[in-house]
Amino acid sequence: MSTARLETFSDGVFAIAATLLILNVDTQVSDDVSGLGHRLLHIWPSYVAYAVSFVTIGIIWVNHHTVLNQLARADRAFLFQNVLFLMCVAFLPFVTRLVAEHIRDDGARAATLVYGIDMTATAIMFQVIWFYASVGRRLLREDADPRTISGITRSYLPGPWIYLTATLIAIASPKASAIMYAAIALFYVAESSLFGRREGIT
Amino acid sequence: MSTARLETFSDGVFAIAATLLILNVDTQVSDDVSGLGHRLLHIWPSYVAYAVSFVTIGIIWVNHHTVLNQLARADRAFLFQNVLFLMCVAFLPFVTRLVAEHIRDDGARAATLVYGIDMTATAIMFQVIWFYASVGRRLLREDADPRTISGITRSYLPGPWIYLTATLIAIASPKASAIMYAAIALFYVAESSLFGRREGIT
Amino acid sequence: MSTARLETFSDGVFAIAATLLILNVDTQVSDDVSGLGHRLLHIWPSYVAYAVSFVTIGIIWVNHHTVLNQLARADRAFLFQNVLFLMCVAFLPFVTRLVAEHIRDDGARAATLVYGIDMTATAIMFQVIWFYASVGRRLLREDADPRTISGITRSYLPGPWIYLTATLIAIASPKASAIMYAAIALFYVAESSLFGRREGIT
Amino acid sequence: MSTARLETFSDGVFAIAATLLILNVDTQVSDDVSGLGHRLLHIWPSYVAYAVSFVTIGIIWVNHHTVLNQLARADRAFLFQNVLFLMCVAFLPFVTRLVAEHIRDDGARAATLVYGIDMTATAIMFQVIWFYASVGRRLLREDADPRTISGITRSYLPGPWIYLTATLIAIASPKASAIMYAAIALFYVAESSLFGRREGIT
């Protein structure tokens, strides 16, 4: 079974999850009747949350791309692991809105915790699909370079731990946790875009 | 006529229907002003319903994939049967929300009944497109293996009956019915992912 | 310029517009607190409207498919005409909800009129893109069969007039007009699926 | 890395952002109980805003198409610049609704300012991805014609300045600014569709 239709379905979910994020910004002004300018400034966490989650989905999409590029085929188990992985990704618009709306009130802890749990689950599922595909070269292309494969493995290993750390930080300080979610996305994009350090493993 | 564009359109509907499921979780906290943590725990049926329906759509997508892989071409009748099939799939976010919101109140019976009717209709439409394509090998590939074909036929036959049973159970016990919907999805994924029993027919 | 990316974009809009239709059914029960079963029966026009518009989008998708199959390439003018055509298609979820919500109250005339105007505009834009592509064989494939081309032209000519008629009927009788919208979709699918009369021109 | 999956993801975001625009028209009548016809006429700015933003997304899609056609490959930096570009595009449904709802009340200035900022950012990001790809022919196809390349560069240069001008006009006159956004889209489509002047650079 080729990976073509898996790409279509996955890219669909990535694109929709990213684009739905704007609906959450939308609801923040829906009951606004006056002082629109003031209101639009007041909801700045919604813009930050939108940007962080959009870029995070972009990062996940690029990495998913990298993984599928190394595969020759997919089997049913791999397809279902992917469905579970996409289920975590599609949950992101919900937890993004929670953080955006509640980061400045009493719900901040619950919101950043839930965001972190979803991101940790996403990172774990990403490991699962990569290990399922790469251990014993189960689904890899014949010509997949062993150094590229071990480079991918090394670069994805810290993911779940980084997000788990940020999630635990949410218990002590929701704001520190939110800043960390943003910093992870920013760091990753900066590293890839400006310094091209990861270029070799793509 | 090739099946390429049918795949694009179908995968689009599958991806959107799955991703829209999160909007229903969203509405459950929209009027929340305090006690976010408590509220997020309270709406656990929404998470279960999200997961069950997301995985169910994933199963349908994989099976649709399996069917289209056996086809050499599509005709207009097949395209329209597919539209009717996708119409049932796209209905799923609505009935999922009904179950998630009402499983603990007086609406449980109506909600689980409607969910079951939609799933039964989806399973019937899936049979229709498969039989239309495979009877007399109408749209099959030249090289489609007869044993694979009869294997697919056998594995899809119980679908409508299983969902019809769960639907009828909803009249007596909505909760038993909801558990059965979850169990069907879980069983199917476990069977495919862990034991790979269906691998042969993909 | 090939038509591949035009197909991806168009199929995306078709799939999303069709799947968004369910959100309109959704809003009909959002303020429901008791008597869910009764409420779900009461909103039957929403289900009919959902089915009619979903099938109508399916028909448009199949026809768009038929047209693009005859083309060798696209130019910028054709791409923008397609954007205007898709703009009419993406408007359909809005007018569908208007008809579903208001067919039994004083808004029926306005709702069915607006639905008809959108469908008439869609049918006209469909003619525009077909005539732009086919007149003088501007964008057609070298091997496009003249009889197929004139068959497509003949079969699409009545579209705008049929929808214009249904729109004008809305002024006298909104209900007759709504029935006519449903009948057009039903007739078209039945003709294609059961009798295969249009198979020759696909 | 080929550009195929970048196209799927981008076209997904374009298609969804365009189709979500209709939800904003939808919310304008959601609390309507009587006088539907009158109400539907009253919200005419929503239709204009829908059309202008839908066509604007269509223009961006065609131009993105033109750029990707010149590329032989993509690297990670280019992928992430594209994510940031798509982030601006997916923001458009939100700012479109602001303009549609507030162009006739006190929020007009804030709404048209925010719309202009988003469009200016989109135009700047479009320049960024084009310059990143074309400077030193970094990602261009071997056979990309130098005159076509410089033609594209010339035709995209004014974009950010035109939108920046319209944004600054919003401070003095929100309505003039809104008219200018519509005129930009109209002019661009008319120029391409009717006179085909830009055909050469596609």
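Residue numbering begins at 1 within each chain, and the chains themselves are lettered A, B, C and D in the order written.
Everything that follows uses one rule, which is that a contact is a pair of C-beta atoms (placed from the backbone, for glycine too) under 8 Å apart; a residue touches a chain by one contact, two chains touch by 3 or more.
Fair warning: this is a prediction, and the values are worked out from it, not measured in the lab.
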Which chain has its C-alpha centre farthest away from the C-alpha centre of chain C?
-> A
Expressed as a multiple of 5 degrees between 0 and 180, the CA superposition of chain A onto chain B rotates by 90
At the interface of chain C with chain D, does the proportion of residue numbers present on both copies reach over half, so same, or stay under half, so different?
-> different
In angstrom, rounded to a whole number, how far apart do the mean CA points of chain B and chain C lie?
-> 25
Averaged-CA centre spacing for the pair chain C and chain A, given as whole angstrom | 36
Could you check chain D for residues that touch two or more other chains and list them?
-> 8, 12, 16, 20, 23
Touching chain A in the complex: which residues of chain B?
-> 7-8, 11-12, 14-16, 18-23, 25-26, 29-30, 32, 34-37, 40, 50-51, 54-55, 58-59, 61-62, 65, 69, 189, 192-194, 196, 198-199, 202
Parts of chain A lying in touch with chain B, wherever the complex brings them together | 1, 5, 8-9, 12-13, 16-17, 20, 23-24, 27, 75-77, 79-81, 83-84, 86-87, 90-91, 93-94, 97-98, 102, 106-107, 109-111, 113-114
